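Common to both upcoming complexes is subunit A, partnered first by subunit B, then by subunit C.
The block that comes next holds the complex of A and B.
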């Protein structure tokens, strides 16, 4: 598939293909919540929902870029755990040091992934599995397997607990900036086009003179950086670096990307739909919490895992039908 | 990659690499680790290695089809949570023999069903293996925890515990189990129609389909065997500990199993199924863990070492291919 067809297809999809479904589902679920629960649309629920889901949105968007190239990044959860510890250690110097420091740590692990995948040609799945283990080990080593409390006297606490202009959590604001920036990057820059072209057909893209190696290295570093930022959110939200957190985050991120209509084979997908996918996943749990609160059903945390899996199954079955239809159209 | 007669005794660099690594680890331990050359050490390592090896052999079959199974740890948890529920039930207390059979049979049956589920998703629905098996990876452990309400189940049941603590001819029972399964599976891979078809599917799926091989059925078969073996491994872990904690059984086992398979010479692209290689891989993984532990190096560092082993093994494979 050449770059042009990839673009034609995306235009076609935006007109009402894969990603339309996720937006419709999101709207339906929000409507359902608003009608059924009194406090669903309340300021408290909205801001805590955004605050909690900001980290998942950020890693999902990073993951989206990796998946667009046909790769995968399984290390995001461990990286976030690692950088949450880094952020907690750096918190006495304030947010201006802790945030860039932790993001840099994430970038560094992303660079390691990039090196394994691009220079050593190790399959992404294995390379990032290894860094997943490595980052998890690293997080436990530097923290001594303890949660590391952040410095409560510094301005770092504002990030997770304060609000920008008394309205939205800072985490949500930063997430919005990242999302818009990455949306522009993907849709409006040659780097973004190269990323899409790689997923469409790496050899073809390379033959057209696109810097495929550079773009691939970029997506893994981006994903690592996003996971680093998620780690900062994690530390600020819980008031501590959490070396044991992040288990299963890669799955949530992959699910969000897939729900957003991005093909796992790469080449097709968008930042916006990925955000919608992450919101949709978060919303399912938000609504389950409300149901629990009403006492209609009583679901333990264990059920949540089962439901998360069932939801992923549903989406995947739907997508496998859609992508088959797309493939038929292509051939 | 497409030659189906590989995976047995043929000498190849990847397997030499693993054998050399094993020799280095053993020699290192003989010199450095105190009490390494003791029967007790051997027993501990065999009983720990056995679960990795059993799961890794199943994983080898799945990888041979060009797939991957991330759900093995969760399937272990599911089987491991079910068994005590069954043999601690009133029915099993009244009929000990039937109860024991059910406590072993039902969890494995459920595990096989998990395999059918994975296989159907991968073959009939064409879902990528990583994603298809992700579903049970998440919900399987969740289900196990729902069943046990997240409680730790402890028990004292000598005949069930034989699975994990029994000795035959002085060696741990599960060590023999590994040997029997390995002989069976390598016969299946090398001699049976299913085995040939399995390697053909992994070597070139399109060609296999065109030559009339029932690709879907073969893939489902691989996932079913893998899940069944994972179920068995789950039972063994529970039997070793005389306790079942759904949150912990088989945790990170998918990584150990994949690592063992890859170290043992399984190509991630599919088309090869070196069963005894997987055991060699499992031995190496277990010995690395043991070496670090016995020399007072923290578990966390062991994780990093494991990561390095996986990268090195795959890199060697990759280099050989090019």
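The block that comes next holds the complex of A and C.
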């Protein structure tokens, strides 16, 4: 390997063997779907798949940053539920107010997490567990435990229903922008490098004069903001603020991050592989739906969850096999 | 007498790369046997073959004349082989007793754990080591040295016939090392064999009976320690000519001839909550200032204070720029670098690449329009990999995969990339093999010749005495003497330290 290769594949799939499994599984599943189901590759399936999964991708990517520092954010599901209500209330003023407003609300809860974790030194698991409960309660309080319909006369409806250039759902376009932005942030800026360094050794990073406290505060705010955006997508997709949604989303997001090969202890992982992980978990549902549609088998949503769990385990096993193989090769 | 352990013709490959080839090792009952060799010579691979961590590709292992095939830690323990690793593999939150008996708990008639017998047995073994501690307290409350002795107690409790010690002394102070050695002698008297791996040749002469030298995956020779010389062993380890090494001196450093430049930094009366009680020193341009003293005398604490890591209670640090050095970021802005003692804890970022580790301290300088200037970054990494001859598969290789010596060179590169004015080096050659040590020392010497100022902390007195232009001797957090090169000898330095040790007792 030349030292000055401009494009080094191993570099771009950070962790090499760690994330190879998720890409392989994703490719295999897509191929399987394309060969088996006629409409799998159709415009309708692709756009509704992306529209539905956009919020999970956005949350997972935010979660990825938190986990890279060795932390965790359990509040994301509740925050999304909360901000979906906020977005619904703000929808009469249009998307230009509702979207930033809801994101700001998520950011604010993220800032609270950051304050607890960085300034008060409360372990992230506990701090975000507290804000998870708080945001959940907040969502129920401001909505009166009812779904809050969006203003159907405003342009807010376009987000969930309309398409950019008649091609892709707006949610997917926004998600793509966020993902690319965060990918650049992680891989190409000193803030991203600091995030990775914290996960590898917080003391060492601080010794080098890196702003570790700032970077840690940043990841919790980012995760909150991402969850806020997911809440906007949620409200737009269902036409209403959903105070009761979001249960278990934090675990799906953690699953996506982990399936993508990011270490739960931090320091190693990537935005791309996290997106792949989120797509993979979504795709399992999508394929099971197609299978149900063929009428040969009929699986309830509950069984689908079981299968998704089994699939997750399988991919993780594949990951650790592959990474062990690369480790051996290198040692 | 049959050998306790006999390994013959051991071969091991990893993914086609030869790690061991025709390696032989024989250990007699009740002897202390050392294995020495540079990093990568195959010492740990050989031990891991013996303890069943790796499966061998070729060769035989016999224990007391019988074929031995071990595939797990449990089987190794049952066969009577206990390993004390450099990083202790004990459970710090559980009690001392539990750590000693875990997996082999004495039972009462009802089949429950007999705690009284367990505590008694643990206490008995530790008392024999001269250690009197409360065995019911969590192990983590005790020092590394005690924990190491507990690990040995576990070995004794399991009636081990062979105790393997991997770099056992690397984190102990002199007194703790003494205790460890007396325990090793005790084991020997009981007929237990000890396999001893260490980078310190001095220790080998103090405690080992025989030594096996390894190089490039082979065992080069086995000697009675009494028949060897230090120089001879180094020659065998490196595969280099004795005369060549002798001409260069024991280290690649040579202090005492630079013209002292202007004062860059002056510290007076430093006191900290970490144990400094009055340290004065001055760092001039282009010199190596050594910090001498025993473990716990305040050397690392002085370095941390100068770098702005620990706040001062009183005293003053005056930097020629006028900047207040009260946090690492400011120190780094003033081009002060700090290569820390424990590269695993606060040095390397394991999952990041060699390139990223090299440029971590200079990220602010690499910013171009918000992002990192990758071309410049690669250029810098490439330059230092070549200049310091860092052995890596490429700059994108994760640093965790490099050998200890090369990791240390990467960390040195990190600080050199800052183009520092003052570089604090805390044990820069600890735990690296002899070859890398020479290289690191040469790099330091060249940088100082080019105008760098170095504050050098080293437990190896020869490094200090040969390297430093001046040595400030610390004692219990105070600077007590300043010695000047040329003309310094190790005996003189040790004399000063001992003298102040005595006067302390007298006073």
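The rule we apply is simple: the second predicted complex is superposed on the first by the 299 of 331 C-alpha atoms of A that agree within 3 Å, B and C clash if a C-alpha of one lies under 4 Å from a C-alpha of the other, contacts with A are read in each partner's own complex, and residues count from 1 in each chain.
In this text, a residue touches a chain if its C-beta (ideal position, glycine included) is under 8 Å from a C-beta of that chain, and two chains touch if they have at least 3 such contacts.
Model, not experiment: these values are computed from the prediction.
Colleague: So in the superposed three-chain picture, is A:24 touching just subunit B, just subunit C, both, or none of them (first/second/both/neither)?
Modeller: Neither subunit B nor subunit C is touched by A:24.
Colleague: If we overlay the two complexes on their shared chain A, which of subunit B and subunit C does A:208 touch? Say first, second, both or neither.
Modeller: Only subunit C; A:208 stays clear of subunit B.
Colleague: Contact-wise, after the overlay, does A:145 reach subunit B, subunit C, both or neither (first, second, both, neither)?
Modeller: A:145 contacts subunit B only, not subunit C.
Colleague: Look at A:189 in the shared chain and tell me whether it touches subunit B only, subunit C only, both, or neither; answer first, second, both or neither.
Modeller: After superposing on A, A:189 lies in contact with subunit C but is clear of subunit B.
Colleague: Which partner reaches more residues of subunit A, subunit B or subunit C?
Modeller: B
Colleague: After superposition on the shared chain, which partner residues are touched by A:43: those of subunit B (first), subunit C (second), both, or neither?
Modeller: neither
Colleague: Within their complex, state which residues of subunit B touch subunit A.
Modeller: Listed in rising order, the residues are 68, 121, 125-128, 130-132, 134-143, 145-146, 149-150, 255, 258, 262, 268, 298-304, 306-308, 310-311, 314-315, 318, 322.
Colleague: Which residues of subunit A touch subunit B once you look at their complex with the stated criterion?
Modeller: 72, 116, 120-123, 125-127, 129-134, 136-138, 140-141, 145, 248, 251, 254-255, 258, 264-265, 300, 302-310, 312-313, 316-317, 320, 324
Colleague: Quick one: in the complex, what on subunit C touches subunit A?
Modeller: Contact set of subunit C toward subunit A: 14-15, 307, 309, 327-329, 331-333, 338, 340, 345-353, 356, 360-361, 363-364, 366-367, 370-372, 374, 378, 382, 385, 393-397, 401, 414.
Colleague: Quick one: in the complex, what on subunit A touches subunit C?
Modeller: For this pair, the touching residues of subunit A are 1-4, 8, 10-11, 15, 184, 188-190, 193-194, 196-197, 199-201, 203-211, 263, 267-268, 328-331.
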